[in-house]
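Just so it is clear, A, B, C and D label the chains in written order, and each chain counts residues from 1 on its own.
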Amino acid sequence: MSDITREAPITRAAKWFDPRSRTINMVGFILNRITALGLTLYLCMHLIVLSQLAQGPGAFDTFLANIHNPIFTFLEVLVVTAGFYHGLNGIRIVLISFGVGVRYQQALLISVLVITVVVSAVFAVHMFSF
Amino acid sequence: MNESLYGPKTGEGAWLWFIKALTGVLVIVILFTHFIVNHFVAPNGLLTYAEVLKYYQNPIIPIMEILFVVFVVSHSLIGLRGIILDLKPSRSLLTAINWVFTAVGAVAIIYGVWLILTLVAKGASS
Amino acid sequence: MSAIRWTVTFQVFRKKGEQASHFDEFKLEVDPDEYVLDGVERIWAFHDHSLVYRHACHHSTCGACGMRVNGAEKLTCITPIRDVTQDGGVVRVEPLRNFTLVSDLAVDMGVMYKHMDLVGQHPVNLDTNEAIQPEARPAGPTVDRPDYLRLSDCIECGLCVSACPITASSPDYLGPAVLAGAQQGGILGDAQVFHLVDSEDGVWRCHSAFECTAVCPSFVDPGWRIMDLRRQVIAESFRQLFGGSNPKETGSKEASK
Amino acid sequence: MSKPKVIVIGAGFTGVATAHDLALRGFDVTVVERGDICNGTSGRTHGLLHSGGRYAVTDQESAIECVDENMILRKIVPQAIEPNGGLFVAIDESDLAYAEEFIEGCNACHIPIVELNSKQALAMEPNINPKVIMAFTVPDGTFDPIRLALAFAATAKKNGARFRTYTEMEQLVIDGQGNVKGIKIWDRARDTHAELDADLVVNATGAWVGEIAAHAGAHVPINPTPGVMVAYDQRLVQRPINRLNKPGDGDIVLPQRRMMVVGTTSYEVRNLDYVPVIDSQVKLMLERGEELVPGISKTKPRGVFTATRPLIGSGSSGRSIARTFKCFDHKETDGIGGLITITGGKATTLRAMAEKTADMVCAKLGIQAVCITKDTVLASYRDFYPNN
């Protein structure tokens, strides 16, 4: 196993995101990891942005006006989708870690994916129709 | 021989994972409650600063928000540390990460709580 | 077996000593029902006698011939060529990942073996310890008292270790095979094994990609076993938190080595 | 004071067991193997730990060897053995007629047997042919081929033996008097060549002994006889099921982990390095196996493979050749010093083969050392790797 430690961390990390020749379960893991990183990034940005709230009405209302465009709406849909997937998949992992439905984990994962797609589609339609 | 074979392992064991799972579930619960409460407290959304301040006057909101900040920050930092662990950091790097993450977590939580309390105070005075 | 013949190109990973690695191509005429290992063996016998690959039993009981075939981990002795390519197609054969490469297609799985001993996985078990999942049990009636010994289902082929995305980045992770072995051997009777399983490189390193279970040729289902270990560890941790005693501090696993 | 150097060519059952015995007796042992452990015939055995019952009538010398060694292996390498016993079942009248000879043979060879009626046999193994008339239990077992060999190799390594795997013998080094002084090797993993000198070279290459010995101009009467085996994906029986009759094609069904292996046939080949599977023999396996365990046709074949037995003797057909082993001192047979050959035998008798070979090595090199392999419990097979 010493071969691996000689590789750079980035090379090793890249292997997490390689779904070639793998099953849908691997896709579940990849999405979980991507959404985890994405949501953490969002959390950082969110905390920074909200500091505007403390500065008073002017700055915040300007900010709200600024983000009212399709790009930000799209990003918002993305965040909700990511959050939804990460949450549902998290529930699945907690369940199987406590021994509930391990044999049906793949069916659970597919359900998670389907529900995420449906919910985010509905949410996107809702957001863009305003 | 692989040094990891008999190398020291941190004794964190189940608890850190358990906290991550627990905070993850609690975040979901709070988000869910958030949507329900929002539906009653602010049915038309929060579109201006004044509305946000007013929103924070309902005592459920700041309590919920503070808990949310605590859980979400813990969950994401434990998770991020887990991802770094998957890359086999050296013992010393891991120790550094533990301290940095604890500090970052504490600062983020204090900042979040301060922000929420500021909004509550501003709303009460206006 | 059939009278059909396919022409298939084998792309074989090659590496000798410190030389750089490359792929060699061999065009073979094969029976599609032949196994991938038969193709590799023919390359060695008739085309290139320097090809290094590991194999022994040719019927999935020894676990020596695990390779990556077109990217996916396969036990090549039971993988028909028909399943991995078509007439005129390519069979790309590479060694397993996450192990030390010996040469060409052979890897050294010594570390996994050592870990197996460390968690006390017994090569021979009472049948009752085997095949906990009912659907993984062989069909047909069995005797009432299954008190016979049988060799463990796990053939220690290393496919799961190669397929796991976490062993790919963190060589310290005990890995699916070893954790499955620990689950089978039991963790509650031995504090040393318990702490190993409940460590940063134990069950908590798993992120439920279930690739181990997908590639396991022996229906060991390491993914399920890791999840079962988590359940046991959490239950035991809570039991101890509320005043239960520690698992026995025995040296038996050490002594048996 | 330096230890006498012995090179063992081949890391199959004979080679690893010989290395183990020689290492215990204090030799400097190097094993040279062109593949990994159990790369040839040894790996591909069906894994029957013989009770000797199979040869109790036709080949009593082998039968006695088998039953003795069976009991020893159970003690020294339990890690690789399913010690569940076995059954000899009589399905038709000709089987029944064989029973008397069988009982006599087993008694003569001290093989403990118990007679069962059809009901008892079916209670023990519900999936065997319900037409079973009578059956005998024997102390058969199954073993895991590679782990059996690895346990010997690991123990040898602990006692100082070196294993050069993926290293092919290219040539025997022969001095002016025509005696073997060492070997030239090709390390296939690193693609390097080297020469090893030795006080004695042991040719333990099973079916390949003839090819190796020919390098020195020596002759071994070897008759490589491949057989086809088929592994099916269900374990319907828990112990080896033999047909109560003279050894023949497809007359044994035995469990291997989650599977069953049906064996075996017997034919002849020219090229030992690649022995093709013969379709008609696979069909025969299924038909014959079905007579013993009728559920087989409902299971799926999982692996089809051939293994080449190293039978001693030439001219006669495979089935009639005795299964005993033989050690050849080429000084006596061909006037070539420094080379001995061990071949023949069964997997079950690997330890005894090694003992006899090591005895010959001691005699030739003038060393006084007794064999203690009978009482030496082997190390974990997992200790063999990493092997450099």
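As a working rule, a contact is a pair of C-beta atoms (placed from the backbone, for glycine too) under 8 Å apart; a residue touches a chain by one contact, two chains touch by 3 or more.
No experiment lies behind these values; they were computed from the predicted model shown.
**Student:** Relative to chain C, which chain has the most distant C-alpha mean position?
**Tutor:** For chain C, the chain whose C-alpha mean is farthest off is B.
**Student:** State which chain is most central when centres are taken as means of Cα atoms.
**Tutor:** So the chain nearest the centre of the shown protein is C.
**Student:** Could you tell me the distance, in whole angstrom, between the mean C-alpha positions of chain B and chain C?
**Tutor:** Roughly 39 Å, centre to centre.
**Student:** Between chain B and chain D, what's the gap in Å when you average each chain's C-alpha atoms?
**Tutor:** Inter-chain centre distance comes to 64 Å.
**Student:** Which integer distance in Å separates the CA centroid of chain A from that of chain D?
**Tutor:** 58
**Student:** In angstrom, rounded to a whole number, how far apart do the mean CA points of chain A and chain C lie?
**Tutor:** 32
**Student:** Hey, what residues on chain A touch two or more of the other chains?
**Tutor:** In chain A, residues 1-2, 5, 9, 12-13, 16, 33, 93, 97 touch at least two other chains, as defined above.
**Student:** Residues of chain B that contact two or more other chains, please.
**Tutor:** Those would be 2, 86-88.
**Student:** Do you know which chain C residues sit against two or more other chains?
**Tutor:** Within chain C, residues 100, 111, 114, 169-171, 207, 230, 234 contact more than one other chain.
**Student:** Chain contact graph: line, ring, star, complete or other?
**Tutor:** Per interface graph, the chains form some other shape.
**Student:** How do the chains pair up in terms of touching? List each pair.
**Tutor:** A-B, A-C, B-C, C-D
**Student:** Please output the residues of chain C touching chain A within their complex, sorted ascending.
**Tutor:** Contact set of chain C toward chain A: 68, 70-72, 98-101, 111, 133, 135, 163, 165, 167-171, 207-211, 213-214, 223-224, 227-228, 230-231, 234.
**Student:** Residues of chain A touching chain B in their complex?
**Tutor:** On the chain A side, the touching residues are 1-2, 5, 9, 12-13, 16, 33, 36-37, 39-40, 43, 47, 50-51, 53-54, 56-57, 60-61, 64, 83, 87, 90-91, 93-94, 97.
**Student:** Would you pull the chain C residues touching chain D in the complex into a rising list?
**Tutor:** 1, 16-17, 19, 35, 41-42, 44-46, 49-52, 54-64, 77-78, 100, 102-104, 106, 108-111, 113-114, 116-117, 123-124, 127, 131, 138-143, 148-153, 155, 218-219, 257
**Student:** Which chain B residues qualify as touching chain C in the complex?
**Tutor:** The touching residues are 2, 4-5, 7, 9-18, 82, 85-88.
**Student:** Which of the residues in chain D come into contact with chain C in the complex?
**Tutor:** Contact set of chain D toward chain C: 35-39, 42-44, 47, 78-84, 123-127, 142, 144-147, 166, 168, 188-192, 229, 231, 234-236, 238-239, 255-259, 261, 271, 273-274, 277, 279, 282, 295, 302-305, 380-387.
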